[in-house]
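Pasting the structures here.
Shared between the two complexes below is chain A, which pairs with chain B and chain C, respectively.
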Partner chain A sequence: MTAPLLSVRDLSVEFRTRSGIVPALKHVSFDLAPGEMLGIVGESGSGKSVTAFTLLGLLDRAGRVSSGQAMFGGQDLLRLGQGALNELRGAAMSIVFQNPRTALNPIRPVGVQIADVIARHDAGSTATLRARVLDALRQMRIAEPERRASAYPYELSGGMCQRIGIAMALACAPRLLIADEPTTGLDVTTQAAVMDVFRDAVRRGGVGTIFITHDLALASEYCDRILVMQSGEVVEDAPVAEIFTRPRHPYTRRLLRSTPSSVDVIDDLSPDEEPLPPAPPRGDRLAAPVLEVRGLSKSYAFARPRGLSNFWKPRDTAMLRAVDGVDLVIRPGEAVGLVGESGCGKSTLSRMINRLIAADAGEVLLQGTPIQRISPGRFASLPQRRLIQMVFQDPTESLNPRFSVFEAIADPVGQLLPHEGRAALRARVERAATRVGLPLALLPRYPHQLSGGQKARVGIARAMVVEPRLLVLDEPTSALDVSVQAVVLRLLTRLRREEGVAQLFVSHDLNVVRLLCDRIIVMYKGKIVESGTAEQVFNRPAHDYTRSLLAAIPRLRGQRALGAT
Partner chain B sequence: MGFLVGRLLGLVPTLAGVVVVTFVLTHLLPGDPAVFFANSVTADAATIAAVRQKLGLDLPLWQQFFVYVGQLAHGDLGQSISTGQPVAADLLQRLPASLELTLVAFAIAIAVALPLGIAAALRPGSLLDHVCRVLSTAGVSLPTFVSGLLLIYLLYYLLGWAPEPIGRIDPFAIMPPRITGLLLIDTLLAGDTEGFGMAARQIVLPAVTMALFALAPLARMTRAAMLGVLSSEFIRTARANGLRRRTIIVSYALRNALLPIVTTLGMIFSNMLGANVLVERVFAWPGVGSYALDSLISLDYAPVQGFMLVMAGIFVLVNFVIDLLYAVIDPRTGLLTHA
Partner chain C sequence: MIATLRHAGWVLRGNPVTAVATLGAVLLLMLAAFAPWLMPYDPIESDVASALQPPSAAHWAGTDQLGRDILSRLMAATRLDLAIAASAVGVSFVLGAVIGSFCGYRGGRLDRVVGRVVDVLMAFPLFVLAMALVAALGNRVENIIIATAVINLPFYIRFARAEVNVRRDAGWVEAARAGGEGHLSVVLRFLLPNILPAMAVQISLNLGWAILNAAGLSFLGLGVTAPTPEWGIMVAEGARFISAGQWWLVAFPGLALMLAVLCFNLLGDGLRDILDPRMRT
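The block that comes next holds the complex of A and B.
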């Protein structure tokens, strides 16, 4: 066995907060071999990112290393001063951050930013500098590197920005690279492309890599060994082949069972939870639809800055067809999944169905009544609003921080059922809270006093309190940890099976949609390119785009490839 | 270049609006200029009517406006009664004094406030941060005439370091040949270092007084903008790549913080031109501010009108320069094309 590149022993970190000292890492130990790709997985607050930042000396002032050592190239990283660390950072060791766009300086051309790093550690003539920048870009398979180098981050896509970020981290040929959730927030197809070039570049350079992610499937596809962390401790450290077939620690097992790609039906997801009621017989295929959409379209004008230099020219009439003639039927008790990459128009479609924005053309029939003529502002106060409710993406952002849980859930009732008395209102709110599994003791609390899963439940209770017939869910679990996501997915299934509320589930996560939905609709560039039962779409995809989408989904080791029969 | 031409064209409607508003405003002011031009309150009605006719004041307002615009086109801003000079000549003579004072004060404010704000942002809660806070609070809360008088008392009366706070230059000194009108530059152009020193000593007190007033918002804005940028993710990336502290602070943080700072600079510059009046009074500075104030008090409207027009013109010009700076600083405005 070769000597490890990085050897972390007994690392403990604590944070000073207003409520005293909080331990963030507890006696973390692990080794990283040269050229190895080590995955660190765990949920938020497990200490994955703190580990990365500690190693690079980037902890903020509140953080303090209380014990341990981290040997790298014969030096203990934890004993080095900022000056010495600064010599290593970007040269011998580097990091790729999450949120590629905000991690780059917005007003400096990306090529210059890479050149800054090279010039800092490895000064050379302008010509060599330029050649090395272009080289770094080519290594990330960026087409037309000369043109890209002079672009600003806002002119590039998220995936392209992350390639730049990785190129920057690899520019000075580091021996150690840390990637902190590098593809979170990217589309699956983009994620697959970025991860492939990332892996190839790392392999070529023989770089020891720590890959931090919350996505077990992604880690299993790209890593050699996996470290599972839970609240600041390493609970399991095993080669990737072992950890998925023979997980030893109960937490690892729980994490695995909460991962949507590990199971075939929703009932098997987190089976320790209260069992789900059986699915009702699907005899209502011919029941009158809750929602019918015909030829719905929406275009946006290309936003081109209109300076004074072109004010006499006719207005630019180029339009982006965000949603282009979409037909859709949702029957009572049915769950329909709407998938597609960002920018395909799925959010615009769901907002039009909800009457949050007006459509340009087409019909929306809610229980047979056309509602597309009603302006979004007026629809909000009509009794029909009750029938169709929405659950939003970010459970934190979508709650008013000054409303208690009770007020948040009661808010739509006050608007839509103004004649109910106080007692009836309280009973209604409590019933909704109980149904989503929210303890009544939490009702007087405010959002900042709740966990992410509890906030998600409040969002669902707020939608369910007026007894809608259709729930539109816009990526309701994308901000949640897998174990919380599993619980929320089960809750949504329970609501559907018990109350028969139809659901339109907008998501980019095909694995989630597969578990939750009867029917799946694939959108691409504003059009529906494929629709069918979940089974059909996953096993016999008809459209090329669907096939590429399915191929890009990260799969757990040993799992049958999706879409390949 | 197309952008530049477009912006310049955009100034035309603004300036036209300024002309209309100044005209209407001065005609809304109470008082009858004809009575004053007749040089006597007791002048009989026939005399006043004659004067009114001579001045064109008997015409309907819209005709007067066209006459006024016609005069403007020839650079004629009217005649001042108090000085007996054409307003244009008066303003031209006094404007350099005000400009020189404002520019020097502006330079002092920037030279002090930017480093102070940056230093305070780099070490929040430190002694320097508190100094920054105290200085900005004092700058905001002390009216310029109070701080000006305090400075005179301290530096001229008690310590005797500063010269007598009257005017731009010792009354017995020989004025340099007028080239730009800015004494600091004219003395240098004439090779008169002694005169330069004299003018510089004379301008220090009023400039510092004005700078104190401008320093407060600038230092606070610099601090806030830098704090915001320093906590952003791309600064973390820069640190993670081992870039030097200097590069991070200047090329990464400061350049991103410049937008709000430049906005504040524009506002401050405009404010300073207007707030000049008090400082000019305290230091007997022969600038446009005190000229306009004197004219207003003696109901001499032509200079007031001219002053408003010139000030508005300078405001518009400053905003134009700020717009250009935006385009240079932030590529996201999309106003300047890059390769």
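The block that comes next holds the complex of A and C.
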């Protein structure tokens, strides 16, 4: 075996916080061979990002390396000064950040930003710089590199921005590259495209890569070896094939079983949990629908800048058809998945169904009563508001930071069931909390004192407390760790099986939708392009877009391809 | 409540400057509240026999040209100045926060109209505007309050508008609407409490500024009138005696003014940390 490119031994890092010194990394050791792609997998707080930042010398001021060494090219990275590190960073080692939009300078053209990195380490004439920038863009398979080079980050899509970020990281041909969750927040199809480009560029350059992710399936598709981390410790370090066939550490096994793509039915997901109640017999297909949507449409006006000459004229009305004539029926107790990439109109649709925004055309019937004529402002005060509730995407962002858990759950009750007395209210809130598995001791706490999973439960309890008949879930698990996601998915299934509340599950994650839903609707550019049972959509997709969506799902190694017949 | 106090204690321990400022502000407030009982002499009654005495054991801050005890006058003035500043800032905060929040939440035409009015108001030299208002309305305490409130209002409107604007599309606002809250209650019960910590800084800085403003108006003769004790008038009246070496007539009211403004300015940041529930653990 060749000498490792990077050799980390006994690395420990601790953070100074208000509650004393907290260890973030405990005796972490691993090697990275030249040209190898090493995946570091773990949940939030496991120390995977801290590892990356420590190696690059970008550790936060509160953090301190308490022991260990990291040998890279004969030097110990942990003992280098900032000056020496600056020479290495960008040239010999570089990083791809998590959020491509915030990692790029918004007021400089992307080509110039790449040129800055090259010029910093390897100055040359303007012409050679330009050629190298274009070359870097071409490597990322960016069409029309000349035009793209002069674009500003806001003019590019998220996937394109991340390609720029990768091009920037690879511009000086580094030997070591760290990618910190580079595809979080991108659509599955975009994620697959970016990852393919990334892998090819890394392979071609023989760059040793550390790929940090929380997605086991993604890591298994692209990495050679995987390091599993849990609360600051490496619990498993093995080649990919081995980790999925013979996981040794119980945490790895638990992580694997929490990954939606590893199982076929929801009951098998994290089976250590309390067993789910059996699925009720499929309801009568002719039962009166909870929700019926006919020809629902919504357009947004493109904002055009107004010059002096047309200042007084009415605004230019170029319209974007966000939702374009959508029909939808949801029957009691049914779970329907609404799938599509970002910008396809699925969020707009779910908000129109919820009457948070008004529709331009079409009908919405809630238990047979048309509600589309009621303005969103007035709908808030009607009794029907109770029947349809929503769980929001980011549990942190969807809780008012100034409301305690009790106030958050009680708030809809105060509005929608104003006649209940204090005691009844308290009992109702406690019942809702218990139902979603939230300890009652947490009721007086504030959102920032809760974990992600607890916050997700509060969001679900808040929606369930008024006993709705339809729950609209807008990517409720996309901000959660896999093990927490598994728990929340099981909770949602339990609520549906026990209480028969219908669910409209909006998501871009087909793996999750497959486990949860009876029926799947695929939305593309504002229109429904495919609809059918989960089995139909997965095994016999009719539309091209559905097929590309299915092909892009990351799979655990050894798993049969979804949709393959 | 106890948790709030404990949290305040924690913030103050970690930030001695804020602690000193808080102490100063509390002292000022106590002084204002208990001035009538603490004053050693009557602040208005003149005693020509003991005019223009330098600081001594009997008169700690000396006496003025009419023999009035300067320390007593300073104490009485604290009460008046703080009352003017607090009510002016209170009025502009309440009006500004409500108007600004609704503009930020609704957007559209209302927002544009209010925004331009605010722009016009801010284009005036503010102190001159305040002088004009007092001159037009008359030399009375309530008119000083109105003038100070009017010139502060645009800042609160802008601030509240901007703060609400970034939170308008937050998940918890949508969640509140899904939970049956109307627009009015979303603004008043959800958005306003959330922008309070940020506004506290503004309020605190503004208090100092409002004190200066009230004193400035009185100094120019457009505010409180003699013989009412007020820091601005005391400085204005004492200025005549500086050349004669009778420094204490100006120095003490000037010092009081400076310390009060400094206190409120330093208080700002600490106040935000105390009021923001996310800073607690």
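Quick notes on this one:
Everything that follows uses one rule, which is that the second predicted complex is superposed on the first by the 557 of 565 C-alpha atoms of A that agree within 3 Å, B and C clash if a C-alpha of one lies under 4 Å from a C-alpha of the other, contacts with A are read in each partner's own complex, and residues count from 1 in each chain.
As a convention for this text, a residue touches a chain if its C-beta (ideal position, glycine included) is under 8 Å from a C-beta of that chain, and two chains touch if they have at least 3 such contacts.
Given the structure is predicted, the values throughout are model-derived calculations rather than measurements.
Superposition of the two structures on chain A leaves chain B and chain C fitting side by side, clash-free. Looking at the shared chain after the overlay, A:Phe406 reaches neither chain B nor chain C.
When the two structures are aligned on the shared chain, A:Met168 is found in touch with chain B, with no touch to chain C. In the superposition on chain A, A:Tyr152 makes contact with chain B only, while chain C stays out of contact range. Between the C-alpha centres of chain B and chain C, as seen from that of chain A in the superposed arrangement, lies an angle of 30 degrees, given as a multiple of 10. In the superposition on chain A, A:Arg462 makes contact with chain C only, not with chain B.
With both structures placed on the common chain, the touch criterion links A:Tyr251 to neither chain B nor chain C.
Looking at the shared chain after the overlay, A:Leu58 reaches chain B, while chain C stays out of its contact range. Of the two partner chains, chain C is the only one touched by A:Ser398; chain B is not.
Taking the two complexes aligned on chain A, the least Cα distance separating chain B from chain C is 5 Å.
Listing the residues of chain B that touch chain A in their complex gives 2-3, 5-7, 9-10, 232-234, 236-244, 247, 251-252, 255-256, 329-335, 338-339. For chain A in complex with chain C, the residues that touch the partner chain are 18-19, 351, 354, 356, 376-377, 380-381, 385-386, 389-390, 392-394, 397-402, 411-412, 415-416, 446, 448-449, 459, 462-463, 466.
Contact residues on chain C toward chain A in their complex (touch as defined above): 170-172, 174-183, 185, 190, 193-194, 277-278, 280-281. Residues of chain A that touch chain B in their complex: 56, 58, 85-91, 94-95, 97, 99, 102-109, 116-117, 120-121, 150, 152, 154, 165, 168-169, 305, 307-311.
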